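In the part that follows, the structures are each spelled out as C-alpha cells.
Next come two complexes, and both contain chain A; in the first it sits with chain B, in the second with chain C.
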Partner chain A sequence: MNKKKIYPQWFLIVPLVLYAVFFLLPGVLGVAYSFTDWNVRSLGELNFIGLDNYIEIFTSDKNYTAGIFNTLKFTVISNIIKLTTGLFLAIMLKEKLKGKSIYRTLLYLPSVLPFLIIGLIFKSVLNYNNGLLNTFLEFINLGFLKQKWLSDLSVVWKSIYGVDAWRGIGYVMTIFLAGLNTIPQSYYDAASIDGASFWQKLIHITLPNLTGSITINLVFGLTYGLKVFDIIYVLTNGGPGHATEVVTTYVYQLYANGQYGLSVSLNTILFVITMMIGLLVVKYMGKQEVQQ
Partner chain B sequence: MKKKFMSMLLCITMIAIMLTGCSSNPTPENNDGNETSALAASESKDSDSGAGDFAGETLSIMVSQGWMDNRYDETIARFEETYGVTVDLQTIPADQYDDMLQSKLTGGTCADIFWIQSNPFAIESVIVDYENYCINFTGAQWKSVIPEARLDSCMVGDTLYGLQLWHNSPEYVMIYNKTLFAELDIESTPSTYTELLTVCETLAAADLTPWFMPGADGWQHPLPFFQIGGVYEETQPGLYDALNDNTATFADNEKMLEVLTQFKELSDKGYFGEDWIGSDSTNLANEFGDRNIGMAMGNSSFIQQIKDETETQDEFGLFLIPLGDNDTFPTNPAGPTMFGYKGTEHPELVKAFFDFVCTTQSLQEILDNSPAYTNIAVNDDAVEQHWLPEEEEFMQSISEDKMLTSVLQTGTKYTNDYWMDFAADLVAYCQGTMEANDVLKNMDANRATAAEVAGDEAWQ
Partner chain C sequence: MNVRRTVYTILKHLICIALCLAVVMPFYMVIINSLKSKSEAARMSLSLPTVWHFGNYIEVINRGKLMLGFSNSVLYALVSTSVAVFACAMAAFIISRKKTKLNNFLYYFILCGLFLPVNYVTLSMVLNSLNIANTRYGLILVFSSSMIPFCVFTIRNFMSSVPVEMDEAAVIDGAGPLNLFFRIIVPMLRPVLVTAFLLQFMGVWSDFMTPLYLTSSSKLWPMNMAVYTFFGKNQQYWNYVFADIVLTCLPVILLYLLGQKYIVSGMTSGAVKE
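Moving on, here comes the complex of A and B:
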C-alpha cells in the first residue's frame, strides 16, 4: 500500500459506477434513441430509421436550424456581456471602496434567485402597458423610450440579454474577484512606477494572471448558454412567434408532442456542439496558462 | 483497522440511501399490462372506504389557468372538510399546460386528477395512451349528469374516462359596448369584414382600442380563425370530412387565407391594441368597465362579470365574429374535461371527488361561484341556471341552420392538439416572418405527424 495516499483507489469504483449509470449511460442511450422512431405511441416497439431524424431537423419547415443559430448567438453575446461587465465590476470592487462588501453582496444576490422567479417578475416589469419599466419611463418624462420589451422583434433579444446579465453578472464577478486577489499587488506597483496606464496594466498584468478565472467563467458560461432554457421559457416561451426559440425550447416542445426520437436527436446535436466548444476552450486556455 | 471499517460502513450507508432515494413509485407501465392492477391493489386496501378512511390524504389536481380558477374553491373546501383530506390544486399557466401535462404523464408523476381541453378526438390524440393513464369510470352514476352531446368528449367507445362540467353559453363571440357604440353613432353591429373595418376605424378615431386581443395568453388570438369553422364548411361543403379523411388540407384553402389576411390587416392597423402580442386578458373586465376598448372576444356570460367587477352602467351586447363575412354560430360541444390519473395512489379518493362534484349542491356552488358563466351544461333540473337576457336575445337572433357545424378545432382531427403551435405561427405571420399559407402548411404538417403517430390509415 502506498502510505502517501489518504484513501485506497477502490474508493473510486462506487462513484465511478454511479456516475456512469446515472450520467453517462442515459446520454449514450439518448444518442442511440436518436436513430429510432421513438414516439409516444411506440410502447416499447422501436424501429431503427438511421439519420432520418437528423435530416428532418436540418430540412424541416419548422426551422430548427434557426433555434441552433439562436442558441449559439445567445451563448456568444451573453458571455461577452457578462464576462466584460463582471471583470470591470470585480476590478472596481477590488479597490479600497467604502461599503464594497455591501456592493458585492447586492451584485451577487440575483444569482441565487431561481430563474422561474426572475422570469415571472421581469415578465411583469417589462409589460408594455402596465409594466414597472415603461411606467417609470413615463413618470420621468422619458415616455419616448417605452418599448414592447418582450413582443417587439427588434427588442426582445436585448431584453433577454438584459435579464440574463442581471442574474449572471454577480456570479461571474465573484469568480473574477477570487482570481484578482491572487495577483500580487507588487506587480501593479511596479507597473505604476514604470508609468503604465490602467489599460496597459489590464492587458499585461490582470488578464494574463486571470487565465484560470477566465477559463472557469468561459466554460461555465458557454455550457450555460448552450443549454439555456429557463429564462427564455418563462419570459417568452420562444416567442413572439418563433423569434426566441432555442434548441432546448424545441426539444421540450417535441418531447411534449410525443416525438421523442426527434427530441433526443436535437439534444444530441446540442451535446456535440457543447462538447466541441468546451474542448476547444479548455485546450486553448490551457495553452495560455502553460505559456504563463 | 477501525478507520477502514468506518469508511466501509459509511460507503455502504451512502449507497443504500442513494438506491432508496432512486426507487420509483409504481407507474401504470410497471403493472405488466394488467389494466386494473394498480386500481385493484388500492381498491383492496380501500374496499370499505368511507369519509373517514381518507383522512389525512392529499388529492392533487393539475389544471390549466381558466378551467377551474376560483369556481371550485367552495366545493373543494367542503370536500376537504367532508373527507378530512387536503386538496392540492396546481394551476399551470395556459401556454405551459400542454407541455407540462405530457411531461408528467410520460414521466409517471402526474397529479391524481388532470384536465384536458377535450373534444370527440382529443382523448386519443392528446392523452394517447388513455388506457394506461386514465381511470376507467364506466358505470359511474355521474355519467347521467353529462349531456348527451358532450359524452363523445368524455368517452372512447363505450368506456367512460372523463367528466366535463362546462357551460352552454355562446363561446368566444364578440362582446361589445352597446352604450359606447350608440354614443359614437355606430348603428348596427358588423356582420361583414368591411363593416367591421368601418366600426374599428370609428372606435380608433375616438382613441379607443377597437378590438382588444390578448395575445400574451398564448391561446386566445387563434380563436377568430377557428371559431368561424362554419363559414369554411359553407364555402366548401364537406370540408370537415375531407380534412378528417386527409383528402383536403388547410394549405391553399382560399377562405382560410382570406381570414388570415384580414386578421393581419387588423393587427397592422393597430386595431387589436398597441401591443396586443404582449397583452393578456387578466384585466379585460376593467378594460371594458373603464371604456378603453370597444369590443373583445369572450363568452357571452362574461357580460355579467364585467358588470359585477366594474359596476359599469353601460350595456353590452353580442355578435358573431365577422371575419370572412362569417354568420355561423360557434357550436362547440366540447370543453375542459377532468380525468382520474390511473397511477394515482388514491383511486377511491379520486372517485369520491368525481362523485362529490356532480351532486346538485356542488354543481350549484360551481355555477354560483363562476362570475363569468351564467349556466352549467348538466342534466340536473334542480340546478338553478342564470341565463342573461342578452344571451337569450342573441341566441334567438341566430337561425338553427347556422348552428349545425361545430367549430373547426372540434370538428376536425388533430387540430386542437396543435393550437399553441398555430398561435405561435399566427404571431410570426403578423410580425412578417411567415407567410399566411405557411401557417396553414404547418398545421397540415403537424396534423400529419399526429396522424402518423396515431397510425391513422387516412395518412398512410
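Moving on, here comes the complex of A and C:
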C-alpha cells in the first residue's frame, strides 16, 4: 500500500496554517514586541528598549508581581479544592445509589455555562443586602456568618474559590468517575477481606489506579488556573483595590490603556511560566507511559 | 452492618441533595426573579412574583439587542466549530496513520496549544495586518484556530481505535484519499466528531475574552458581550439582567441535556484510556 498516496500530507494544511497564523505567530510576536516601547501612540515606529518592560514589571509600584503571585496562588488553591472534593464525590457516586445519574447531570451542569453568566449570577447571589447566600445564612440562624463577599479583603478570594468550585467540581468529578469505573471491584473486595480501611484502600488501590484521570484533571486544571480571567474580571474586576488582580486582568488593563509593550511582556511571562509547568507535566506523563 | 449501610446511604443522599440544591437554587432564583417587577426583583427573594411579568423577556430582547447577539453567537459557533472539527479530523487521520518523524513532531507541536495562553494583543495586530480585524471572518478564524489543539488531540486518540484494515479494503476497492476519508473514516469517527463539535460549540458560546479583545463594534458582539454591556448599563434592573441570563444559558443547557452522552464520553475518554 502506498502510504504517500492514501495519506496525503496536504490534509494537514488547514489546521496547521490556522494554528500557525492565529496562535503561534501572535505568541512569537508577543515575545519580540516585549522588548520594544510599543504603545498606542507609536504609529509603526518602534524602539528596541531591551529588558525595560520586564524591569518595569518587577520594580514598578503597580504591583504586577502581586498579580503573578495571585495567579499562582489561585492555580494551586483552586485545584486543591476541586480535585479533593471532586475525588471524594466521585468515590461516593461510584457505588450503587438511586438517582445517581440525576445527581451527576445536575452537578456537571454548571461547567457548561459561560463564566460570564456565572459571574453575573453570583454577583447577585453574593450581594450583601439581598443576595441568596446572606439571606440563607440568616434563615438558618447563622446570620453572624454574613459577609461582604466581594468587597471585603479577607473573604473576597474565598468567594472566588467558592464560585470557581461551584462551576468546576462537577467536571473534575466526572473525569474521576470515568477513571474509577475502570478499577476492578475485585481489588476492593480482596482488600476488604484483608481488613483494609477506607483510607488504606484509597491510598493503595484507588490513587495508583487513577493516574490517568489525575493527570487529565491536573493538566486542564493547571492551564485553566494560569489563564484565569473571565471569572475574576466579572466578579471583582481585580478589586477591591487591586487585591484580586491576576496576570490576565493586568494584561487586559495595560492593553486597554494602550501600553501594548508592557502588556505583551506580562503575557510573555505567563507564557514562560505555563510552558515550564506544561513541560514538567508532559515529562511526568511520559514517565507514566513508559512505566506501563 | 445493615443499619450502618442504610445510614451511609441516607447520608450520601443528603450530601448529594444538598449539593444539587446549591447548583439549582441560584438558577431558580434567577428564573423566578426574571419574571418580577424591577423593585421586586431587586430583593432577589425566592418567593413567587406578585404579578408575573413575562413582558420582561420581550423588553430584554429588544433593548439588549439580543436577537443580533444570538444570531452572531450561532454563526460564530456553528461555522468555526464545523471548520475546525473537519479540518482537525483530516489532520488527525494523517497524523495517526502516517507516523513519520515530522508528523509526530507536528502532533506535539500542536498539543502545546493546549497549555499556552493566547496573546490577544499581538493577535489583534495580526488580524489588522490581514485586514480582517473587526470582521466576522476574523473572529471565526480565531475561534477555529483556538480549537485545533483540543480537536486534534481527542480525534487522534479515537483514530487509533479505527482499524487500518478498513483503509486497506477501501484502497483495494479503488478509493482515493478523499473517498477513503469521507466515506469510510468519517462515519467511523462519528461519535468523537459529535463530541468535539458539542464541546467546542459550547466553548465558543462561552468565550468572553476573544470578543472582548477583538471586537470594538457592537454589531459583531456575541450574546455574551451583549449581556455584559447590558448589565453594565442596567445594573439596577435585576429583572432584565436575570431574563438576559436565562436567555443566554438556555441554548447551552438544552444542548447539554440533549448531547450529555456524547459530552461526558468525550471528556472522559482520555481518562479511561490510561
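Methods note: the second predicted complex is superposed on the first by the 272 of 292 C-alpha atoms of A that agree within 3 Å, B and C clash if a C-alpha of one lies under 4 Å from a C-alpha of the other, contacts with A are read in each partner's own complex, and residues count from 1 in each chain.
In this section, a contact is a pair of C-beta atoms (placed from the backbone, for glycine too) under 8 Å apart; a residue touches a chain by one contact, two chains touch by 3 or more.
This structure is a prediction, so every number in the text was calculated from the model and none was measured.
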item	value
Combined model on chain A where chain B meets chain C, clash or fit	clash
Partner chain in contact with A:255 - chain B first, chain C second, else both or neither	both
Chain B versus chain C as contact partner of A:128, first or second or both or neither	first
Partner chain(s) touched by A:237 [first = chain B, second = chain C, both, neither]	first
Partner chain(s) touched by A:212 [first = chain B, second = chain C, both, neither]	second
Touching partner for A:41 - first (chain B), second (chain C), both, neither	first
Which of chain B and chain C A:18 touches, first, second, both or neither	both
Contact breadth on chain A, by residue count: chain C or chain B	C
Contacts of A:29 with chain B and chain C, given as first, second, both or neither	second
Partner chain in contact with A:150 - chain B first, chain C second, else both or neither	first
Chain B and chain C contact sites that coincide on chain A, given as residue numbers	7, 11, 14, 18, 127, 130, 233, 252, 255
Residues of chain A defined as touching chain C within the complex	1, 3, 5-9, 11-12, 14-16, 18-19, 21-23, 25-27, 29-30, 33, 89, 92-93, 97-100, 102-103, 105-110, 112-117, 120-122, 124-125, 127, 130-132, 135, 166, 170-171, 174-179, 181-182, 211-213, 215-216, 219, 223, 226-227, 229-230, 233-234, 248, 251-252, 255, 260, 263-264, 267-268, 270-271, 274-275, 277-278, 288-289, 292
For the chain B and chain A complex, residues of the former touching the latter	7, 11, 14-15, 18, 95-96, 98-100, 102-103, 106, 128-129, 215-216, 218, 274-275, 277-279, 283, 417, 421, 424-425, 427-431, 433-434, 438, 441-442, 445, 449-450, 453-455
Chain C residues touching chain A - in the complex, by the definition given at the top	9, 12-13, 15-16, 19-20, 22-27, 29-30, 42-46, 83-84, 87-88, 90-91, 93-95, 97-98, 103, 106, 110, 112-123, 125-126, 130, 141-142, 144-146, 148-149, 151-152, 167-168, 171, 176-177, 180-181, 202, 205-206, 208-209, 212-213, 224, 227-228, 231, 238, 241-242, 245, 248-249, 252-253, 255-257, 260, 263-264, 267-268, 270-274
Touch list for chain A against partner chain B, complex	7, 11, 14, 18, 39-41, 43, 61-62, 127-130, 148-151, 153, 233, 237-243, 252-253, 255-259
